[in-house]
Amino acid sequence: MRKIAYREALREALREEMRRDATVFLLGEDIGRYWQGAFKVTKGLAEEFGDERVRDTPISESAIIGAAVGAAITGMRPVAEIMFGDLTSLAMDQIANQAAKIHYMFGGQAKVPLVIRTPFGAGVNIAAHHSQSLEAWFMHVPGMFVVVPSTPYDAKGLLKTAIRGSNPVFFCEHKLLYPLEGEVPQEEYTVPFGVADVKREGSDVTIVATLYMVHKALNAAEELEVEGISVEVVDPRTLVPLDKQAIIDSVKKTGRLVVVSEDCKTAGVSAEIAAVVAEEAIDYLDAPIKRVAEPDTPIPFSPPLEQYVIPSEKTIMKAVKEII
Amino acid sequence: MVTKVVMPRLSLTMKEGTVGTWYKKEGDSVEKGEPLVEVFSEKATYDLEAPAFGVLRKILVQEGVDAPVNAVLAVITAPDEVVSEAEISAEIPKAVEGVEKRVLASPAAKRLAKEHRLDLSLVKGSGPEGRIVEEDVRRFIEITSGVLPKVKEVIPLSGFRKTSAERISLSFKTAPHSTVVMEVNVSEAITLHNRLQVSYTAILLKAVAKSLAEYSIINSTLQGNQIKIFEDVNVGVATATENGLVVPVIYNADKRSLEEIDVAIKELTEKAKQGKLVNEDLAGGTFTVTNLGMYGVEFFIPIINPPEAAILAVGRVVEKPVVVDGKIEIKPIMMLSLSYDHRIVDGAPASEFLRKVKKKIEKAMLED
Amino acid sequence: MIAEETRKLPLNLSKEKNIDLYRKMLEIRCFEEKVFELYAQNLVPGTIHLYTGEEAVAVGVCGNLRKDDYITSTHRGHGHCIAKGAQPKRVMAEILGKKTGYCKGKGGSMHIADFKVGMLGATAVVGAGLPIAMGAGLSIKLRRTDNVVACFFGDGASNQGTFHEAINMAAVWKLPVIFVCENNVYAMGTRQSTVMLVKNVADRAVAYGIPGVAVDGNDVLAVYEAAQKAVEMARKGEGPTLIECKTYRHKGHSRIDPAKYRPKEEVEDWLRNDPIKRFKERLLETNVVMEAEIQQIERKVSAEIEEAAKFAMESSYPAAEEALQDVYA
């Protein structure tokens, strides 16, 4: 099968959906023909669809999301890009209070088919305002889906599902994933929400990981295999809705759980997944649940500092061995 | 003043007791000397009396719970006295060692064990810090599958049963048992029974007591490197009750008349049935007689009641053809079996002793 | 404050249109008075923000809108709903938390929407409606229809960042949005002059390169006229307008706020300047309508609102477990 990069997979999804449905349009800062997106996801799209549908905006995050909300409730399917995940805080009211609540608050009258795409993640030395992983903020807002694709295949399939849906979708990407290549079929497909993917089968320990951490978990699993420890890596692919059953099924098989997430440990993604397993599958655990996440600090700049806080293959392996 | 109500030491060997019914509630006033709480020790029930006048301020050990000797069971204070919770809680006894020992096992191991009604303390753990993990339980089940029966009900071992279990296993583990068996013709004993209207048990006990007095190596105990031979001949009678086996003791049985022994046995048996035996009725035995004849048992091999040296088991009386002076006659025959601590005596003296008992019964040599 | 009155109505509106404007304002007034009455009887859960005194704004603006045009609204939104054509009985039912309300009891007084009449909903976050209205304008532009959006917000919202972001974006993209600032002098208890140095909110339009007009918000025809111009511009694709309507709320900010921060004379002045009273006097003076007609309208409106309240009160509450429905579409 052909291999394409994560960013190309996203672009294909956008292109195909824009061709398929005239109500789909893109807006965001520097996504148009001049810059083509900070991470080049929208490259070439303005040329094909015009500046109206691939719309550069002023630096006004709140208005970008507000515009998407207003458009979504009046018949359009906007895909808004926030250049860095950290900047979603500027649009938090529009995301959390407006986009996510409109359907409920107005008794189901309005649909809000809107996608917010944004990159999270540390590792490229751009410090505290451009490196965070804030998925958990959005998991805490009912009414919105939270999507976390780790591969080009998942990225394309999930983005198509997001665009075609009837609900606001917070679509998390990861800076380090954009150049990552993976198999993506030529033919049309979508990936449903709420269906986890077992990225590697194993029998001794379950690692649940998302986004870039999936790859670190896979590397760690590879090394642990050599040491005779069989690791299963489960990628939920969407955090809301969360495929609890897949995680529980894997834990039932292995009896051990390590959750790897790039966000801060306190009240983070890993906390939620650990809580689900503790609440619904504790009787299948053979050891305490381990969380490998970032310590509760802002992301520091200097490379050794930054590397220290990001979960690594080493810290993942250590956690696994602690419960074997 | 805070007066502590403690678990009494009701015998020299007692380590812990079980709290029974509290006769008073927290806050009740108590008179010094009035019964406060029932305590089960070893094989007795004992009414513990209030050690002071005042108010039963706090019960620290609830009914059914074991507590070591000297553990504080409750506190009594003067009627208006203010006592802090800290002062009281400082008195709470530590859990009896071994009773509450936690088995370290993972939730998954616990679930599997529960599904198979398996006692996790039987399983060896392979996880970190010896934690039992699911795989350990699975392996245990595989190995023992078809061997271990499924458990229907779990009855915690406590009170009499626990004491009994501990004592019997102590005896069986430490004293090498050997048993000698003899048939006894009880024709004369029957005549005596009819004549004096005393029980067969009394007759038997008298025969045993007299034999012990004459052959005192059997009336002894082994303590460390010393065999202590008792002067007193205190014969215990194993008695089945609803709560288990108790052994009330007939003191100085060798010095008491058959009639006196008979009366003493009747009294003790009655008290035993009502659970009213007190420590004095139970302590100080030097030898035990146990009888399962009423259940149709021919003979059986008893386990010595520690720290005694031997025990005599009595089977049923059955009429058998026996050869008397070259002729077959029908005689009432009973089997006696003597288990003895082989560390103290060997087969010959044990047999010698048993022959004495036999002879005394057969010849009715029981009156002083 | 009060515009020079003339003996003749300034706009050449038909009699029906004039009556319609009057009737709508009256409907809102009666409705709000009824809400207050029910609130006083403890029949309204939570809080209320009444539109009493500001009726000319919603009615003057919405008088220019078609059914398929949009509006966005605020926490003080009952009047906007009714002006845009929502049914008073279902608005009332929502305020009472009933299943028959527009939002099935999920929104309440501060979150009423009726998408069927283009009422895109009230947001209770001050200033949050501006970007949404702008987005609806973007949607109209992309779908190439000639609809417009009227975005209602208060003087308080004009100090939010969203005001700047949304108006700028609407201006730069020439979106068909009419930003209607209801300047009722106070943001809760904060007097506008203490938080703004420019005299008029409308003056800020200059910063975005769009027209900004300040009008007497208690003169329904003045509002109507300003809105008419703005709507025409918007429909033609010439971009947004900022209209500031100077008005006053008769009641306090919410619930039973006694509004003691307002000078007595100021309140009395504005009560004399009641938009409904003024318009009624002008209608009578100019002989557009007769006293008898007015009385007939008043009786009818009053009866309708009574009916709406009855409907709301007799409606049942939603089943508790409906709380779990409608989270996702």
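Per-chain residue numbering starts at 1, and chain names A, B and C are given in the order in which the chains are listed.
Basically, a residue touches a chain if its C-beta (ideal position, glycine included) is under 8 Å from a C-beta of that chain, and two chains touch if they have at least 3 such contacts.
From a predicted model like this one, the values you see are computed outputs, not experimental measurements.
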item: Required minimum of steps from chain B to chain C, each step between chains that touch; value: 2
item: Most centrally placed chain, judged by C-alpha centres; value: A
item: Most remote chain, CA-based centroid, reference being chain C; value: B
item: Most contacted chain pair (by C-beta pair count); value: A-C
item: Averaged-CA centre spacing for the pair chain C and chain B, given as whole angstrom; value: 92
item: Euclidean distance of C-alpha centroids - chain A vs chain C, Å; value: 41
item: Centroid spacing, where centroids are CA-atom means, of chain A and chain B in whole angstrom; value: 70
item: Complex interface listing, chain A residues touching chain C; value: 23, 25, 27, 52-53, 57-58, 60, 62-63, 65-76, 78, 93-94, 97-98, 102-112, 142-143, 145, 166-167
item: Residues of chain C that touch chain A when the two form their complex; value: 70, 72, 101-107, 111-115, 120-121, 123, 125, 128, 130-140, 142-143, 149, 161-162, 164-166, 168-169, 172, 325-329
item: Residue ranges of chain B touching chain A (in the complex, touch as defined); value: 106-111, 127-128, 131, 133-135
item: Chain B partner contacts - residues on chain A that touch it in the complex; value: 255, 282-287, 322-324
